[in-house]
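First chain written, first letter: the chains are A, B and C, and each begins at residue 1.
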């Protein structure tokens, strides 16, 4: 009886192994379930397979909801090919990508607030074209702006299992640098960020262009 | 001493494993030797690796002079060659689909007006076959043309919760998909999400078999 | 109020004497980027930076740029105005009745924004230094055709769809494109205006000063310069005016030619 169960398990492992090995893209548990017969615990099988490959030259890694075989990271320097990126990312695109990754879901206005500059044409659409960024939905605020987030292909490209693996994420959170808005006691936007909060008045016109102190009350 | 030798061997096995996995063509022993350091017995390593994979879902097999990973033969049922490969949607189909999405309910004449070219019947058929477009009803205008709309499967495929999630004019501009220099009166319609609009009649019973009166077109 | 004894008033870091700032804003991606770069030059941790000194450096930088008549985008000027305001808030003790945000708060906020931008920049670096797919990590080189049950035979992404929609809507627009009408000075107009402005002056006067009132409008600047320059060459040929330029790219000097000289 036990022997039989072991055989079924072995066969199921071989099937998901074959499916995953054959594919270049991550596969979800749901993609593989139909091949396994009823009652198969795909997640458990995946964990078992991952353990079997942990020490090999090829590893089974998780990418968001998907699973995929990739060459082991520590062999990277050996396998490194002299390939060049077809289009290296501009600094603007890189910054935008990391802001979206760390602040998602982020609206365009929020991205611009962090960078302090308007997002040029060809930045967001380039990142979407590369398949790293996608429109996620809309923010429930006036104007219902579209929100952006990263894709599974982003995780795969940068070798991250989940967004929680983003480098330095915890430190940045701890330092309060990832709050979408400024810390509560610091919510005074700079002029170029747009709106003022309702409890504020705009600067007087005379403030602009006059570098001298304008305080008359004191 | 033996321990050390075992480590070296293990590492060499991992390297050829990764090389074979990532290669786009079968590799010969001579192709792999440069990665292994001097004195490595590549043939012996390959035999060892082959033995390790013998019972797995993927096997290491010889193809002429080269070596390659292949799905185990008894799992061949998993492989189905070239039958149902997914194909990218043609530009005409994408354009038609996007107009239907934004302008629904839209008649064929309205789609053609936006596109500026005649829409082949094949395009609409294809979109309906894909399950993304459906006939909604008939416009209450002379000729009672059929109106088209999108389906649940459309929302599902494109990751939208509702049609209201389709980005609007400002969002498209913000994403760099629309240039800033557009006439002020350019409008992007809000897709109608309800069942039937007041200018629509339900489909005739006879419509269900025959998508649209056959007419001649270029 | 204790504003006089805060970090922001700590001795401003001496401006790096050996480093000459490039007087050009083209290399910067907006005022925040420029500020961060200035802060970096202080070579201290952003937490310990003197915002007052930073504001002064920024204002000095923008002043220098404008002296050289390099056009500065409005963003930079708005930031300059805000920093001038911030400076005033930092230097004047705050009245108790004052409802406006204190200088310290404004400075802390600017510091927060600089830190956040720097953090994102570092994050981008760390991302790019990870073992990336296709660079250090590889996918199966020879995928085998395994049919995974998919709901659709046709592949298209939301991005494809939106791009298709946007580009055809834009196509429709291009068909209705009407060229923007621009004011252009004819050579005859330019000649008349130039002669009127020079009058009988026999002093050397820079062309830009002669044309000052017309050069104020950015939209007309190019045509005013081009047309008057072309006309002035014709006037020289006719013996009406004289032109001189001291050095390459130096100002063009112009005067009425004295009639009595041969």
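The working rule: contacts are C-beta pairs under 8 Å (C-beta built on N, C-alpha and C of every residue); 3 or more make two chains touch, one makes a residue touch a chain.
Everything numeric in this text was worked out from a predicted model, so none of it was measured.
The pair of chains sharing the greatest count of C-beta contacts is A-C. Seen from the Cα centre of subunit A, the chain whose own Cα centre is farthest off is C. A simple rule picks the central chain: find each chain's mean C-alpha point, then take the one closest to the mean of all protein C-alpha atoms, which gives A.
Centre-to-centre spacing of subunit B and subunit C amounts to 42 Å, using the average Cα coordinate of each chain.
Taking each chain's centre as the average of its CA atoms, subunit A and subunit B sit 21 Å apart. Between subunit A and subunit C the centroid-to-centroid distance comes to 31 Å (mean Cα coordinates, whole Å).
Multi-chain contact residues of subunit B (touching two or more other chains): 18, 21-22, 69, 71, 78-79, 159, 167, 175, 177, 179.
In subunit C, the residues that touch at least two other chains are 138-140, 144-146, 157-158, 162-163. Within the complex, the subunit B residues that touch subunit A are 10, 13-19, 21-22, 35, 56-58, 69, 71-72, 75, 78-79, 159, 161, 164-165, 167, 170-171, 174-177, 179-180. Of all residues in subunit B, those touching subunit C in their complex are 18, 21-25, 68-71, 78-89, 91, 93-95, 97-99, 101-102, 114-116, 126, 130-131, 153, 156-160, 167, 172, 175, 177-179, 182-183, 186, 188. Per the touch definition, subunit C reaches subunit A in the complex via residues 29-33, 59, 75, 78-79, 81-82, 84-85, 87-89, 91-95, 97-98, 100-101, 105-106, 108-110, 112-113, 115-117, 119-124, 126-128, 130-140, 143-146, 148-149, 157-159, 162-163.
The touching residues of subunit C, when paired with subunit B in their complex, are 138-142, 144-147, 150-158, 160-173, 175-176.
On subunit A, the positions that touch subunit B within their shared complex are 13-19, 21-22, 35, 55-58, 69, 71-72, 75, 78-79, 108, 119-126, 128, 134-135, 137-138, 143, 145-146.
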